[in-house]
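Read through the structures below before going on.
The same subunit A turns up in both complexes below, where it pairs with subunit B and then with subunit C.
And then the complex of A and B:
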């Protein structure tokens, strides 16, 4: 399929010649190779369709003109920035890709504790600009390399700091949204220069329509700016760093403490979460390093903090008596960071923390109290700069299980889930053998919960076709187990109803057949009506879950 | 016969040599943005957060190391893309500065984005598709033993006239041979600085000579541009000349030469001890053989040249291969050197500046292993000056943000490319060779 010359020339007129391309060297680069990019779409081995063109608008007005042009010519479009996940890519042959890389503004309203950010403002830059003013932002668990806007407006967006700062939907205060038909919708009040700001008032929530809980992954137009709530940061304007690449560690930060808690069992883990919420002592809380696997997590931290070591040292480190003992103590563990807003505040938090540990029979990991390791962990969690460690073992991973956002519901299943994964590691060679349990996840959000068992990391090789297939088969099995237990859709299949294994979008008929089996199909028919109102030409892909209501057939 | 799938390829032994050797890496890149931003925990501001000049300027993903991994895959696996149009533009508009390499290796142990970028250039050059300006430079290397246009081999040693340097191409011998590199040998202003280097080193008692008529271009820039054969011919020519002259130790004021000899020659088995002039001067200062007596009342910032800093690590021989442990975890047997910029030359120039009375060093946000390229690398200043100048302008703007009066550097290519550049705040001309400050303070 080729783009009409009129359409292409009109794109050039909008964004300038250097900001639009239909050269295969560019368009082929905007196809997601799904085995390389997990994002809970499933590790199938395909590419998303090739866009007819890639366009780089530099402003909301340019986005609006591009979208209107797409409506005029009935060409689909999808906008993204960091392109980390399949959901940012187009789903048909009749589509262009909008890359918002040129829109990277960050505006901080210190007084009102608000940031107004463009799509290509990543968590790492928003955070550093906020910290200069004694503020901080929730960085989604996917890491600070992800777009703050995409994580907040288009997807779930919880992270280690959510226990203190809330999840994405709690932080989205307003949005500037180019709707799928080209209209611009502004919610709340954007802008920080002397303007007051409010969140949404009474009445139907446009935020709910456009974002919902999960986010619509760009299906409903292009979000061009959002306002987010910022939160207090009691540290310096920039976290001092010592060391040379690849090992960086926080330097100083005496009013910030990082601990790893070793727990006797999963019941104690659930109790600990509950007490953390009640005591309100955590700045960050996350089960982080277990993502490498129960057997090797301490070996991995040892490798990261000793650049002369490599993965070939894992078997030796796993057998090291000291590390083995430390690792055994951390079978059930969680990392937490406490930040003191005053000496008295930190003192209180330390005492409360110790009391909680005593109450649940837990203790602080001695291994993580070593200065270099504590400083490495502080920097890791506070800036979430190394989320690409997710991929380091084998080059790709998929998160699966997704037990429950309520720790009390999920905790009783943890060992059974770990045993199922361990069985796959032992009986097949396609996924990394790391000790079964490779659960990670944040103790989020403010109101309680705790995403336990949400995301077991399944590490596989994106180059090895058998490994890819095996990881896929493993997730198929965990999905079967999840259904058996009444736990719902496996995290690794979350987006499986949004895009076919071929990489293309589903048709409405296919979605109708699929969603008629939902326990609450009314949600999909309601969303159909919203989509028809906002997106009459259906130009944004199939990530917004809709079913045709009987009266519309 | 059906074409054999690249997935069935035999993994290479030793460092990757040809584009196809990189296929597993192309598949294993995880699109993390490490090749687009300074290592995230080192970001100090949004304004100076980017690390790759190419994707910063062109914006399309294809112009990043991740984009080039996908581009390489599209070319060699599927034939979706050919060596033409924006593919060639993306391939050659890479400074080979290695910022992506550092960013990538913060978290990854099995990707070599810089080497892959150069492998793409090499394949395009093999096909005769390099920009004409680069072809001319490579021709000049073959004929005149320099990659600088309009320069003659016969004029190369003129810079040394009147210095009384020992000529080791004849019967003289010296502990160190001064290897000026093309810019110091030919550029009118830089020739004077080469003389200053020699005078300072001799003043400190260094037994110094030069190569006389045997002196030639190191060829390092040919390697950066993808002219592998021309580079190897230059390297072998130099290796033979040095063997003939009995050279054992080389001192060079040029960061490109330093990198070429230290890393790229070693890869070809040509091994000679090479130090950058700043390393030797720093040692002489420490040993009190050079004493700074005069105050230089100035606030300066130091620009780390890519090829001295993050790319200035020592080469290690390695002839291992990939193995998998614990089912699917990749590693190397034996351990593979991980060039992450860890052991580059960062401290020596700073020690010199710290020893100069009155001089105050203010660091730029992007420094040491995360330094922003001056824009001259990879031959980009030769065939795409507008792009190269934009990169230099970004660096000068960053330097001005520190409040420093001058940018100090230790590489002639950086010095030339940063001088007289229009920044966000107007023209900035105060770019200083570190040897000028040294000479001023003695």
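And then the complex of A and C:
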């Protein structure tokens, strides 16, 4: 499909010639593997459609004009910035890609603990600026190299810090939002008072349309600026590091403690989470390094903390008796970071932590008490800068299982899930054999505790067709098992209803058929009505889930 | 079928009220805004009846006005703004449907009050942090849905905490759950059997449906249950207080205390409001106004089931040190006011025959809005100047400042007591409230809960928000039957 010359010239007029391109050398780069889960280069061997053009607006006004132009010419659009996953990419041949990379501003109101961020303010930069002022921000599991705005307004946004700092939704204050029809909605105090501190109301919160459990993945206009709630950081103004690049460790964070908890079983794991929620002691809490797998996690941490070690050393390290013993002790484990806001506070947290461990029959991992490893963990979890580690084992991974947000519901199934994965590892060569259990995730997905993030990492080779097929088949099997156990949609199929395997959007008829059996259809039919009211030309694609209400057929 | 017959068919004869005296009581409130006597009052027993009612109202274009609390009506939002409305009195739906200690969750119907809920929660050593001295008949559901500020902002990661999921019959007659509860069957028992406890309030997909019913004054639909995040009951607790001669002297301490997250409760009262809270009679209030300091900051510290004494001691000492570093003396009590007694009053419900803000002069008016702490002094100055200009005694103005949402915003509330039997006083307070409302708005005060005239003031400042809200209303209440006249757009 060719782009109208008038449309293209109008884009040039809006953003300037250097900020719009239809050169295939550029547009080809705005295609993505059509991962089905939210965040990973999943085992689907096709790419999203090529955009008609790529446009880089530099201001809200330019975004608004681009969106209005798209409405005039009925061209779909999708805005993204750090392009973590397929949701940031278009799903139609009649679409342009908006890249917000030119919008990078950060403003911090230190006293009131608020940051106002542009789309290309990434988590790491926001965090660095915040820490200079004794503050910190929730860095979602996607990692600190991703856009804070996208994670906050556009998708889910929980991570290790969410127990103390909340999920992204909870931190979203005012938002400046170019609606799909080109109007600009400024939520809460921003619209009326020009202040960013509250995103709710007046009256019923229109913010409810901007995001729910997840954001609208760029299907309902473009968020151009948001305010986020910052949180206290009792550490230094920057994190001193030591070590050899890229194997850095935090240095001298004396009032920050990192531990790995070894638990006797999954019931104790669930009880531990509950007590963490109630005792209010965690600054960060995540089951992290088990993502490499139950049998090799210490080998990987050894490699990450010793620059002389290579991946070729894994087989030797896996057989190392000490590391084997440590892996065995950490069969059921979780990482926790506590931050002391005073000496007394740290003392309280340490005592509470010890009391909790005693209650659940757990102990601190001696392996993780080694200074270098503790400091590695501190930096890793505080910054979440090492997303590349996720890919190191096999070049790619996908998340699956995703069990259930209630830790008490899911914990009894963990060993069965691990056994299912182990069976696949043993019977097929397509996914990495890491010991079955490769579960990881947040101790709490929301502020103060209450829900849990679950995800098994399936490591596979994205350059090997057999491996891709095996990983996909494995996820198909885990989805079957999940339904069988009443655990819901597998994480690896989270977005299966958002775009086809071909990379293209679903049609309305296809969505209608998918959602016809929903136990409470209102969640889809009201979204249909919201889309019709605010996005009448339907220019966003099928990540926005809708079902035609009977009265609209 | 005649209207009454239709209603009787749904609710039974005993639950359809049309006695003029009864109807008149539903039209009375503290608000100066004009209200209408309802046509009928109905008393639902369950969600099915509510759904039937809303569907019937859509067919007959009958305005519905939900009300859940009992006792004095403070804001006028539950008084019909149009004639021939049916008041839906939800106070009879008053069951605590579930309490879950493991998840610290409770599920309550609209008529459940704080005292009732806390009694149930206490059986499992739990509690629910409340709002400032709520009236005895206050519906917990209404309190949280209308985002009344809580004493404990440190457990408000979400602006609307402790509100989690809800069952709502929207204005179009469709009933659904919100949040994670919407992802499963529309049957709480089945969800509980599947260990889903209505914890996750978002979505369930990309729309936060629960947000559309918040601060809505019943204009979007009728909530028939909500799930609430509760807390483990403290084993040791103390409300500490510090005094100051002016509001500005408290600012740096409050900011620092909020940064540490050490407080459980934290709020500011001025002398008049503290006297209103503590005094049971006019004489007691007068006496307290003589002896209390101009400003009080109150900070609660608790210890719960895990090393309670250690937590309590660490946080108490740290907060005392922080106060000292900021020029304040934080103590268990100041002269004539013990922290413990203050806590009893603010955290409990109002036990008096007369609503506590009405004890001093017979009635009162409130003006409240959201702002940030460093701007509260500006509003205080403006309000005092207006009061002086209108001859209202500034020493009678009560002030309550409550951090919300981990301190992202601050609820600032001015209370103006007056004698309702004095036309002069009433007229003056009416002028005062009007002038203060405009001045507050001009200075950037945000009426997030825009009752009465505030709706016009606030929504007229932001045409795009009003337009978006209008579109939403047309989706969820297409026949405009839900409390019409409120939030006019």
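As a working rule, the second predicted complex is superposed on the first by the 524 of 553 C-alpha atoms of A that agree within 3 Å, B and C clash if a C-alpha of one lies under 4 Å from a C-alpha of the other, contacts with A are read in each partner's own complex, and residues count from 1 in each chain.
Throughout what follows, a residue touches a chain if its C-beta (ideal position, glycine included) is under 8 Å from a C-beta of that chain, and two chains touch if they have at least 3 such contacts.
Remember, predicted model here, so these are calculated numbers, not experimental data.
When the two structures are aligned on the shared chain, A:341 is found in touch with subunit C, with no touch to subunit B. Once chain A of one complex is fitted onto chain A of the other, the partner contacts of A:536 are absent, as it touches neither subunit B nor subunit C. When the shared chain is aligned, no partner comes close enough to touch A:240: not subunit B, not subunit C. Once the two complexes are laid over each other on the shared chain, residue contacts for A:355 go to subunit C alone; subunit B is not touched.
Applying the stated contact rule after C-alpha superposition, one finds that A:311 touches subunit B and leaves subunit C untouched. By the touch criterion stated above, A:99 is placed in contact with subunit B alone, subunit C being left untouched. Of the two partner chains, neither subunit B nor subunit C is touched by A:16.
In the superposition on chain A, none of the residues of subunit A is touched both by subunit B in one structure and by subunit C in the other.
Residue ranges of subunit B in contact with subunit A, taken from their complex: 7, 23-24, 27-34, 37, 39-46, 49, 58-62, 67, 70-71, 73-74, 80-82, 85-87, 89-90, 102, 105-110, 310, 323-336, 338, 340-342, 346, 368-370.
Of all the residues in subunit A, the ones that touch subunit C in their complex are 111-114, 134, 166-167, 169-170, 173, 179, 183-189, 191-195, 197-209, 211-217, 220, 229, 231-232, 274-275, 277-279, 341-342, 344-345, 347-348, 351-352, 355-356, 404-406, 408-409, 445-448, 450-451, 486, 488, 519-520, 522-524, 526-527, 529-530, 533-534, 544-545. The residues of subunit A lying in touch with subunit B in their complex are 18-19, 21, 23-26, 28-30, 33, 35-37, 54, 56, 82-84, 99, 101-102, 104, 106, 121-122, 124-126, 128-129, 132, 143-145, 238-239, 241, 244-246, 248, 296, 307, 310-312, 314-315, 379, 383-396, 425, 428-434, 459-465, 467.
Contact residues of subunit C toward subunit A in the complex are 102-104, 147, 155, 157-160, 170, 174, 176-177, 179-180, 182-186, 194-197, 199-200, 202-217, 219-220, 229, 232, 255, 259-262, 304-307, 310-311, 313-315, 317-318, 321, 370, 372-374, 405-409, 444, 446-450, 455, 458-459, 461-462, 464-465, 467-469, 471-472, 474-476, 487.
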